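Below, chain A partners chain B and then partners chain C, in two separate complexes.
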Partner chain A sequence: MALFMPGDQVTVRKAFPPGHVRTPYYIRGKSGWVQKVLGSFANPEELAYGRDGLPKCPLYRVRFMQSNVWTDYSGGQGDTVDVELYEHWLELFDILRKKEKVCL
Partner chain B sequence: MKELGRMHHDMGGQDAGPVDQADHSHPDWEKRVDALMMLLSNNKRRIIAVDELRRGIESLGSESYTKLTYYERWISSITQNLLEKGIISTDELGKKMVEVEEQAKAGHSLTGESE
Partner chain C sequence: MPLNSNESILDHYQAMELAVSQLLIEKGYFTESDMFAEIEAMAKRTSEIGAKVVARAWANEEFREALLVDGTEACESIGIVMGPTRLMVVESTEKVHNVIVCTLCSCFPRMLMGVPPDWYKSESYRSRVVREPRKVLAEFGTKVSLNTDVRVHDNTADMRYLVLPKRPVGTEGWSEEKLSALVTRDSMIGVRVIDNPAS
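Let's look at the complex of A and B:
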């Protein structure tokens, strides 16, 4: 069962574990909103070490404002970037701790 | 600048040169590496998962990662994975490498093609 629904505002965990991870460095700590729930898949971070990756993990397409992702972003104000992220990398956006506007 | 916790391959957002979009051909050995990985990962065998291939490539270290070509990275990772799984041994591999090298020196084609 997917924990988040389309429209939910989420923050990517700011974690830097060694080993094989599927969350790009540039998006860690950034906040966006769930665009789509893509289904559940064996965890690639486990498969990478020869294990079965079960239970399957929900995968989300999360949309971010480019201006929130890059400090020096000079493109259009409404530009977004979609990143596919596994559930264990996401937390519900905490409005008390964050000041940026997540959505358009 | 090197950022803490960022692995070399994780390059998103860093400066990069222009993308070389020129068409290029693949030598036979590259096709064999590709075929080898397909056979090792297919549903019948499931010996090396594509995620394990990636993990091996990411573990190459920044110098090798930069220096090696695409399929050189693949074969390095396939080799590491096969060693870890006990499917081949370093000794076996070392001996075979000498054998192949000697054959090459003796003028035999490595690819089995006529020269």
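Let's look at the complex of A and C:
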């Protein structure tokens, strides 16, 4: 079962685990909203090492405002970037949080 | 294997690729002829397949809707073999201009467009199109008005993206065959738009 629904505001974990990870650096720590729930897929972080990647992880298409991703973004106000992210990389956006958590 | 007959010294990745493919063959995961058959099959696929899908969507409203809901299923319904990854089709309109990239490597809808162009795999395109998409698009000759949102799609996981480009003006009533001849690979990546045909 997918934890998040379309419209949920989420933040990408600002984590830097070693190994094969499909979460681009530029999007870690950024907040966006779930645009679509894409289904569940074998975890690529496990598949990369010859393991079965099970249980499957829910995958989301998350949309970010470019102006939130890059502080100096100079394009249009409505410009966005969509990134596919596995559920274990996402947490519900916390409006009260002053500092971004950094975990390793 | 005479894969590198022109070069006397293998670089790091060439050596690794040779070692891994030989190991997989020795261990019986696939044969050498399986590997070459797959390489040939990949080389045979071109963006003509994607162009047919786009032309069908322009000409047939029902197909267009099905394609936007489930790209994989819609393509399979017209006999295109999609393989393990799933297809997401994003439609460019007056309001939204879509462009695709894989910032992590070179994920590309190969089943519809074959092998990606070299620039798509370059570090420059991959790093810049997410950061300054309008500037990169301008370098391809595509000026996007500030009234149109630019939406970048980063292929990071199990979906592959195809841009359904804006249908050129003046093509009403054209056959699918005639329409598909207008559709370019770059328009399905989203770095270029399709010019209106000369009347």
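Just so it is clear, the second predicted complex is superposed on the first by the 97 of 104 C-alpha atoms of A that agree within 3 Å, B and C clash if a C-alpha of one lies under 4 Å from a C-alpha of the other, contacts with A are read in each partner's own complex, and residues count from 1 in each chain.
Criterion: a residue touches a chain if its C-beta (ideal position, glycine included) is under 8 Å from a C-beta of that chain, and two chains touch if they have at least 3 such contacts.
Fair warning: this is a prediction, and the values are worked out from it, not measured in the lab.
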Clash or fit, chain B versus chain C on superposed chain A: clash
Which of chain B and chain C A:P44 touches, first, second, both or neither: both
Quick one: is A:P24 in contact with chain B, with chain C, with both, or with neither? Answer first, second, both or neither. both
First (chain B), second (chain C), both or neither: which does A:G78 touch? second
Output check: A:W70 vs chain B and chain C. Expected answer is one of first, second, both, neither. What do you get? both
Going by the contact rule stated at the top, is it chain B or chain C that touches a larger number of residues on chain A? C
Touch check for A:F16: first (chain B), second (chain C), both, or neither? first
A:Y86 in the overlay: touching chain B, chain C, both, or neither? Say first, second, both or neither. second
For A:L59, decide between first (touching chain B), second (touching chain C), both and neither. second
With both complexes overlaid on chain A, does A:P6 touch chain B (first), chain C (second), both or neither? neither
On chain A, which stretch or stretches are contacted by chain B in one complex as well as by chain C in the other? 24, 26-27, 44, 69-70
For the complex, give me every residue of chain A touching chain C. 22-24, 26-27, 38, 41, 44, 59, 61, 66, 69-70, 73-76, 78-86
Looking at the complex, which residues from chain C come into contact with chain A? 86, 88, 103-104, 130-134, 144, 146, 148-159
Where on chain B is chain A touching in the complex? 3-7, 10, 12-13, 49, 51-52, 54-55, 58, 84-85
Of all residues in chain A, those that touch chain B in their complex: 16, 19-20, 24-27, 44-45, 47-50, 53, 69-70
